[in-house]
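What follows is a pair of complexes built around chain A, which joins chain B in one and chain C in the other.
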Partner chain A sequence: MSGPERPRSELLLELADDELVLGWRNSEWTGVAPFLEEDVAFSSIAQNEIGHARALYELAAAELGTTADELAFDRDPDEYRSAPLVELRRLEWARTIARHFLYETADGVRIDALKRSADVEIAGLAAKIDREEIYHRMHAEMWLDRLQDTHDGTSRLREAVEELWPYALGVLDDELRPVWLEHVRARLAFPLPEGEPVTRGQHSAELRELWEEMTSVRRSAPAGASW
Partner chain B sequence: MVTSERVWEALAEIPDPEIPVISLVDLGVVRDVDVAGEHVRVEFTPTFLGCPALEVMRDAMARKILELGGEPEIQVIMDDSWSTDRITPEGRRKLRESGFAPPSPRSAGTPKLVQLQSKAFRCPYCGSLETRLENIFGPTPCRSLRWCEGCRQSFEQFKTI
Partner chain C sequence: MIYEVFRQERKGQPFQHAGSFHAPAQDFAETYAREFYGRRAESVALWVVPRDAVVEIDDFADELGRTYHRVDGYSLKGKLKEARERAGTTAV
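Showing the complex of A and B:
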């Protein structure tokens, strides 16, 4: 996205790591969401995100001579290229919705750009992923409207967006961030906060905690174990 | 002797692992079949990327081809060539009969929340158009949940993608 000199596998790993880590975070709502519909929704979104991660890892793995599982689970936390926004642990509801909206909007901008890529494999996969992501954006926007329909909802959402803002700024690069800002501005009922991006590569302790849990089964069983 | 026609017939006998009333051919995931001697190449275009049924489908197709005496190669196509428009008219009818509202055509454009919230979806049980969206998401990635005001039952809507 930021120039032709960039290795393709690096771009694929950014996308895949974002989707894997966020998929994991979204799955943390399974069983404990505020009501049943959201339990189902976040579980289903998590399943989609992890499916996208797998397809992206497979494309990267073919290039790097490895496997999707090795990329997903056998790297050290410091090697992940995920954005700090997706690493944050399960947040309270307004923050979850704020992250959901900020991330899905950014992901939509990024996927839209990739659909026009000259690389046919990337463009084809992006088009497929986008078909599913439309429903994630719909869900996020529906919740945004619902929260912004009341004074209390708006103030909680605003507080959450302000807190997450530096992280949200770090999802996209300088080229795509302005496009995302326009989308976000058009939807929020309050002015955009100010801030400096917390960019990729600055991993939080929260990623290590997540990694410990996410890779525990893989690490406890010898490679090649079958179930 | 394996022929393309026999392969298509055999694949049409494989039920969808999650919605067994329709076959993989009804679902539209078989894009092409190419037979060269014993070698049978199937172009498989998956539905949802996170669908756990994909491996089951792929393995079931390979098994069927082996049973025919062919040597299977299942090529997974990772682009947007599958859409719900590929579900056959027969597949749509079977979905309706088993309590699923079939997906609306993509020709209506990119799916939008306002369309999903509209009363354009017919209840597969009583035929009423007085239905509303309960949840964009459902028990599998391909389904949404709707509620029928007519017969007061929930039903599943196949998502348009």
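Showing the complex of A and C:
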């Protein structure tokens, strides 16, 4: 994404950590989404994100001489490279849809750039992931349009977007952020908020809570246990 | 609104009823149809139809009990073969 001097594994881990953490957050709606159909759809999206994380970790693991599981579960929370946006726990539907839209749009811009990467492994995986992400974006956009159909929906969405905005700004780097801003501007029925990005490397307390839960099974078993 | 979904398992096969769900609009219906009936490689195509668009016919008049109209218990095979021989045509 940025300069060629950037280690490939670092980029892969950013993507993988985003997808793993967001997949986990999205899965928190399983069983309690606003209605049954959405419960199934949103849980599927969560599963897809975890699948993408796995493929990305595998590519990073091959380079770092480790395994996808070790990367996903054996690092300290501070070592994760996820964007603060995906770490937030907001079990409220307007915020969930706002984050979903803001993240999926950013992810689309990022994946699109990676599809054109000179690194054939990365470009190939990006193309594969994008074929599923297309449906995530469709899902996010249909909800966005639905909310913006009414005055009440628009004001709830707006409040959510404003709250999440600094975090959303931190998903992409300076090079890709302007492309993302154009996509977001084209879809929102209200002006973009202002703010300073909350960038990667800063972690919320919510990530540690998520990590405790996510790694609890792994940590309960002796190292090297096979399943 | 309720949508009925029909799925085709392999190319060339007939579409069969897969199930139904609630969706507020067509874009939601398409998304849910994919998630419900298309993400496990169980379908090659789906028909997503608002239930209102399905024409249901469930009244079949048989006031005089003409059971000879029915095909149950009636073996057609032999009679069809004879008829074909008489007409000089062969089975397809």
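Here is the rule we use: the second predicted complex is superposed on the first by the 224 of 227 C-alpha atoms of A that agree within 3 Å, B and C clash if a C-alpha of one lies under 4 Å from a C-alpha of the other, contacts with A are read in each partner's own complex, and residues count from 1 in each chain.
Quick note on the criterion: a residue touches a chain if its C-beta (ideal position, glycine included) is under 8 Å from a C-beta of that chain, and two chains touch if they have at least 3 such contacts.
Since we're looking at a predicted model, the values are computed, not measured.
Participant: With the two structures overlaid on chain A, would chain B and chain C clash, or do they fit side by side?
Facilitator: Once both complexes are aligned on chain A, chain B and chain C clash.
Participant: So, does A:E37 touch the first partner chain B, the second partner chain C, both, or neither?
Facilitator: both
Participant: May I ask you to decide whether A:R146 touches chain B, chain C, both, or neither, giving the answer as first, second, both or neither?
Facilitator: Second partner only.
Participant: Classify the contacts of A:D112 with the two partner chains as first (chain B alone), second (chain C alone), both, or neither.
Facilitator: So A:D112 meets neither chain B nor chain C here.
Participant: Look at A:E162 in the shared chain and tell me whether it touches chain B only, chain C only, both, or neither; answer first, second, both or neither.
Facilitator: A:E162 contacts neither chain B nor chain C.
Participant: Under the stated touch criterion, which partner chain does A:M138 make contact with: chain B (first), chain C (second), both, or neither?
Facilitator: Both partners, chain B and chain C.
Participant: Using the touch definition from the top, say if A:D69 reaches chain B (first), chain C (second), both or neither.
Facilitator: The answer is neither, since A:D69 touches no partner chain.
Participant: So in the superposed three-chain picture, is A:E121 touching just chain B, just chain C, both, or none of them (first/second/both/neither)?
Facilitator: Touch status of A:E121: first partner only.
Participant: If you count the residues of chain A that each partner touches, which comes out higher, chain B or chain C?
Facilitator: More residues of chain A are touched by B.
Participant: If the two structures are placed on top of each other, which part of chain B overlaps chain C: 3-11, 75-83 or 147-155?
Facilitator: It is 147-155; the other listed stretches have no clashes.
Participant: Please identify the positions on chain A that touch both chain B and chain C, taking each partner from its own complex.
Facilitator: In chain A, residues 37, 40-41, 44, 135, 138-139, 142 are touched by chain B and also by chain C.
Participant: Using the touch definition from the top, list the residues of chain B that touch chain A in their complex.
Facilitator: So the residues of chain B in touch with chain A come to 48-51, 78-80, 82-83, 110-113, 116, 134-141, 145, 159, 161.
Participant: Where on chain A does chain C make contact in their complex?
Facilitator: Residues 35-37, 40-41, 44, 135, 138-139, 142, 145-146.
Participant: Any idea which chain C residues touch chain A in the complex?
Facilitator: Within the complex, chain C contacts chain A at residues 21-25, 27-28, 31-32, 34-36, 39.
Participant: For chain A, which residues count as touching chain B in their complex?
Facilitator: The contact residues of chain A facing chain B are 37, 40-41, 43-45, 47-52, 54-55, 58-59, 121, 124-125, 127-132, 134-135, 138-139, 141-142.
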